[in-house]
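Have a look at these structures, which come just after this line.
Same chain, two partners: subunit A is paired with subunit B first, then with subunit C.
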Partner chain A sequence: MRNKRLLMCLVIAILAFIVVPFCVNAEDKTIKIGAMYPMTGRAGLYGKDSVAAAEMAIDEINGKGGVAGYKIDATFTDSKVKPAYAVRVAKRYITEDEVDFLFGVVSSGVGLAVTEISQQYKTIFIGTDHASTRLTVDNFQPYYFRVSNNTFQSMTAGALYLKELAETKPWKKIAFIGPDYAYGHSQWDEIRYNLDRFGVEYEVVGEYWPKIYAPDYTSYITSILKDKPDVLISGFWGGDTVAFIKQAQAYGLFEKALYFHPDAGGNYELMSAMGAELPDGLVLGARHYNNWPDTELNRNFVQEFKKRTGRFPTYAAEGAYAGIYAIAHAVEVVGNPDDTEALVKALEGLKIKLPEDPEGFTSYIRPETHQITQVMAIGTTMPNEDFPPAKKMLGNWKIYKAEDLDPPAEYIEMKRKK
Partner chain B sequence: MTMKPGPKYSAAVLWTLMILGFALVPVLMSSSYQLNLASHVLVWGLFAVAFNMLWGVTGMLSFGQALYYGLGAYFVGLMVEYLGSAWYLPAIGIGMLAVAATSFLLGLLVIRVGGVYFTMLTLAFGQLAWQITFKWYDFTGGDDGIQGITAPGFLQNPIAYYYFLLVLVMLSMWILKRMAYSPFGLMLRCVRQNPERVRFLGRRVRRNQLRVYIVSSLFAGLAGSLMAGIDNSIHTDMFFWTTSGEVILMSVLGGLNQFFGPFVGAVAIIIIEDIVGAWTEYWSLIIGSLIMGMVILFPKGLVGELHHLKLRMMQLKARRSE
Partner chain C sequence: MDFSFFITQAISGMTMATLLFLVASGLTLIFGVGNVFNFAHGSFYMVGAYFGYQLVAIWELNFWIALVLAGLGAGLVGMLAESLFLRRIYGRVNEGGFQILLTYCLILIIDDLVKLIWGTEYKSLPRPKGFSGAVTFGDIYLPSYNLLIIAIGVVVVVASWWILTRTRPGKIARAAAVDREMVDTLGVNVPLTMTLVFGIATALGGMAGALAAPLRTVTPGAGIEVIIDSLIVVVLGGMGNFWGAWLGAILVGEVNAFAVAFVPKWASLFSFLVMVIVLIFKPEGLFSPRQVRKV
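Moving on, here comes the complex of A and B:
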């Protein structure tokens, strides 16, 4: 008897799952966005911050009455960081839910798979937080746009920083440590390409490739100490950065080499995780900072986010926020979200003022690559208790002009020819 | 003479219904997404049924069948990437040959041990292949995978590809089913139940194990190569142990002792994953509870319980007519 009742419950539950989605059909005049983010696991915080910031942007826009008479409606699905699953979700978004835009994605592997679908179905895909340069260079396709920096831009800024540094504090020997997968390797290739391009002389004394999510870096730290680089370039992201810095600090590594981490090192996640333990004098960069630039737009963005979620944002948040505004701008220009070709044209000429833009600069999309072009800042860790639980934040900023950071034409040509 | 609904007859009805059901998907679907879902079901179904030849039938729990699934997919992916999409169909064949050769060589090594040692060894080889694919960035694309894999000519049409898929999958399932109930299949069951006795009867345990290992891997490879054309992209995930784990789950859910059990398990898991994933970000909690519920309620698997129910009904009927 009990079995039967349980069975009934199960049947009802399953039916509910099937029926309910049909009942919540969205009203007519909406811009439909199908977003994919990881919500669990190591990258889960990036996904959650992205979702919160995207919802914040949507509420702001819809609160003002929407764009061109349309309200924005976004659906968020866990990408599970599995490309094959994300492909299925993207196809469902396009063919079943008939979304106007695909959106999101933290992992570049997932991004590369989704951009393929975007091209096949001619549906615009707005990338908000994956950094692989391949998406805008090698695997470029007309329906893809990215509204956050790629690794090439960070590494160019990084190379310029090192070039300037050589003038004040001579260095010669560099080493690299980063996760042993595409993201780590492309950073190392790109920084060397840029150092060569700027005519900086350097000697490589070591490359270290720990596994992603490795718990223990001791053996790498001791070999770094033995190889004695002047500058240690790092390509970690997320929890790996925290774990590495904690362990390296115990060996006094940061007194012997300059820790230089231009792409993801300056993420607020590191500051909040390490609090007062974070050493001073690390040179870090990221795609967005809570305390730079000191503009009204950025202050409002950071405080609003804090109000909504109770925590300060990591850089992923600003990417998603920018993505929603980019869509809104494009729809405003075109007047509707259905004319894909016109939207592509509108996005190609997009100029948009974002929280991470300093006074006097406006981010814009570069038409050849569909990559957003932005000013980049690199900072040094120092005490600052304005953003608890962090006790240290970045300061002493070095600013790099947006135009100087984009891949040069010959680089794009070389990569696309392959 | 009237045809009595014997076992032969009902099997034919089952096959017809199944093929007809899948063949009608492109006609009845309301969006091309359902076609995509049906394609996934077919490929995973084939992979799970092939896997079950190894585990359910012969009792060899391999935790590394993803190795062959990935190998099939990467043969197609790499050949299309480097040689052009005309190589798509030959790549399926060449991939299967490569899978057969690899599974023969590895099989010689891994079937020397039994039980949990066999499981661990297969897992180790599977992870080895994953690691190589992951690290050999210049050749395999590393964790970025390979994109833009398209089939040549008329197969570019998704509906044409779907029917191509349907024919190959049904043909493979038919071959596997024939095999499972042939004298060879009987021998495999004996190997599972009492290997000592098989030896006493003068039959070879290892040779049969090796044969079924190759057969199972071959069809896993075919499933992988067909998958490459559905998503048009492949990833190192296909080699990862979670992929092997997924077919194990499908087999358990559908029923190990039934030929079509794993297939039904694949249908159930893909549909549940799809509906729950679209509905909530707490998918893992819900899928976990659903599967736990199913395993507790239907310990013999979905098809196993159905079969059991049918037997009970027949018994009841027989008792009543007495």
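Moving on, here comes the complex of A and C:
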């Protein structure tokens, strides 16, 4: 009998320990963010950088006392780059941890799965990296916002670049190589859509679809050489770019065709991996650059990141950093992180000064698509040892105005009708 | 299609085939002798690539010395893995299931160790001195490093064949493959033989990794990318068949090279298609003797 009572007391004590912190937490004013990033394999690099940059933004904001009396508290979970797994994590975040925002995701495949959960549970999902245009156009839903460029924007900038190029250095024949999944295919569709829209004449001489993460491109390279394109448009992602460039260099491809890679070619990790080996004169673009724009905000962002992690950031970092600031701005406008509908309204009208904004421009969310609209730059590889271990960086920038890059209304209409 | 393109494309297929073979050779050796399916074999390839990176890019060693050391290093890691872990599950009921689980765990562990030591950033190695150029015959343009890889592949095939069929240790290894107990009774230290075979196989994988590093991206997860294609090669050649692995690799490499040239949209499909056809019509592998099928 006594034993039973003792047991009872113990159970109550344990329950109290478990429940009390929750009660305290609820009174504690926090903005809860449930973040998902890949931590393993090839995409792990982007996951790690995103987490570091998000934490950096959180520390900056909380260090100044938080927003509207709230502190930001983020939990990070490995997405494993598996949509089904990320969906389970997102559901757990919403139902058990009661997060105010879903956050993150490097892969568009994972993003497309998580955006459905966001819609179903009416929980705002801030996309920081994945680039598939489908999230803001075809599969648009009101609780999704993206704070980094999508492929349509980079492909529009790319098409404008090629149009200008034709005036100084005539070209006609193009070939494409990119990974055989949504990301690669949308880039190819979007660049042609935009070239057509701008009335640029071109002839497609080859189209190649290796698997993502394929280690060997030699046969593709020799086949591209046979096609003799003037411009090779590339849609590779991540480390695949490194492997392709090294193998193509061995065949002298870059002397015979212009290598043009506007969405993810200009990623810093390519420069840091290849050092002096990286050829000059490749035309590349990315969603964030460590050496452009040369503004105080960008310099501080890059140097602070370096101080925290010991390395320069990849493009993914700035997206995560921007995402945290977007949340902070929205909560500041609304006054709390609980009124989801008001937060959606606040995010729709969001204007936010980010490290990747040049002087005189402020990024903004376009209400029809919930897509951030930003200036884009495309550069050419050239020697620059300011960001070691890279020995080459981009320069000779061509800048494209933000409002010219967004998908036109008829494009959105056409895609949403389908 | 003109002749020079045919040659260029065939040679580029051979480059891919040789690197594939160097990975698959170790896989098939472990399978043939030890009857172990080493799912983690690709991880030893990755470890070799990282050793190569460490030795050449950080310690600034000569590439050729680094290549040998990277192979030896990966072999050492392999022998450790075999004697600490794999040895414990030999002879269990349902050993196959345990093998897959255990070697899959090894993939995850090795991946994380690599991440701890070298970080997640992509790494790369320049091509060694004297092999950064190309050889040209008229219109045919062949990078000298690619030709070197192909030559190394041929040397490995011939040397392995010679060791396995003409030397005493090779004969013991083959005998152990047929009947472990009998070889044991004859006074051969079978566990040690197994460890050595595992070491040689993983050393081959590691050397392939270091050899591929100047052409590929050195990154965590690099092992998983090569293991599937290597598995296809091993199945095509016949599990445990060394020559078969080489010919199987050439078949996959060339089928891929010409599929890319003529039907680029469907190129990735063809190596799988070849495997399916072989599995249906000659499941013991293209280059293995036909087995009597039990009813």
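Keep this in mind: the second predicted complex is superposed on the first by the 391 of 418 C-alpha atoms of A that agree within 3 Å, B and C clash if a C-alpha of one lies under 4 Å from a C-alpha of the other, contacts with A are read in each partner's own complex, and residues count from 1 in each chain.
Here, a residue touches a chain if its C-beta (ideal position, glycine included) is under 8 Å from a C-beta of that chain, and two chains touch if they have at least 3 such contacts.
Predicted model only: the values in this text are computed from it and were never measured.
**Q** After the overlay on subunit A, what do you see for subunit B versus subunit C, clash or fit?
**A** With subunit A as the common anchor, subunit B and subunit C both fit in the superposed model.
**Q** Given the touch rule stated above, what does A:K91 touch, subunit B (first), subunit C (second), both, or neither?
**A** In the superposed model, A:K91 contacts subunit B only, not subunit C.
**Q** First (subunit B), second (subunit C), both or neither: which does A:H185 touch?
**A** first
**Q** By the touch definition at the top of the document, which applies to A:F76: first (subunit B), second (subunit C), both, or neither?
**A** first
**Q** Between subunit B and subunit C, whom does A:R134 touch in the aligned arrangement: first, second, both, or neither?
**A** first
**Q** Thinking of the overlay built on chain A, is A:A273 touched by subunit B (first), by subunit C (second), by both, or by neither?
**A** second
**Q** Where does A:K415 make contact in the superposed view: on subunit B (first), on subunit C (second), on both, or on neither?
**A** neither
**Q** Who does A:T40 touch here: subunit B (first), subunit C (second), both, or neither?
**A** A:T40 contacts both subunit B and subunit C.
**Q** On the A-aligned overlay, A:Y220 touches which partner chain: subunit B = first, subunit C = second, or both, or neither?
**A** second
**Q** Quick check on the superposed pair: does A:L112 touch subunit B, subunit C, both, or neither? Answer first, second, both or neither.
**A** A:L112 contacts subunit B only, not subunit C.
**Q** Between subunit B and subunit C, what is the tightest CA to CA spacing in Å in the combined model?
**A** Scanning every C-alpha pair, the shortest subunit B to subunit C distance is 6 Å.
**Q** Which subunit A residues come up in both lists, the one for subunit B and the one for subunit C?
**A** Shared contact residues on subunit A (touching subunit B in one complex, subunit C in the other): 40, 180.
**Q** If we count contacts the way the header does, which residues on subunit B are in touch with subunit A in the complex?
**A** By the definition above, subunit B touches subunit A via 31-33, 36-37, 40, 134-135, 137, 142-145, 147-148, 227, 231-233, 235, 237-238, 273-279, 281, 283-284, 293, 297.
**Q** Which part of subunit A faces subunit B closely enough to touch in the complex?
**A** Residues 3, 6-7, 10, 17-18, 20-21, 39-40, 76-78, 80, 82-85, 87-89, 91-92, 94-96, 108-109, 112-113, 115-117, 120, 132, 134, 139, 180-182, 185.
**Q** Which part of subunit C faces subunit A closely enough to touch in the complex?
**A** 5, 8-9, 12-13, 15-16, 19, 108, 111-112, 115, 119-124, 126-127, 132, 134, 141, 143, 145-146, 212, 214-217, 219-222, 224-226, 253, 256-257, 260-261, 264-265, 267-268
**Q** Name, in rising order, each residue of subunit A that touches subunit C in their complex.
**A** 40-42, 44-45, 48, 180, 206-211, 213-216, 218-223, 225-226, 238-240, 242-243, 246-247, 250-252, 269-270, 272-277, 311
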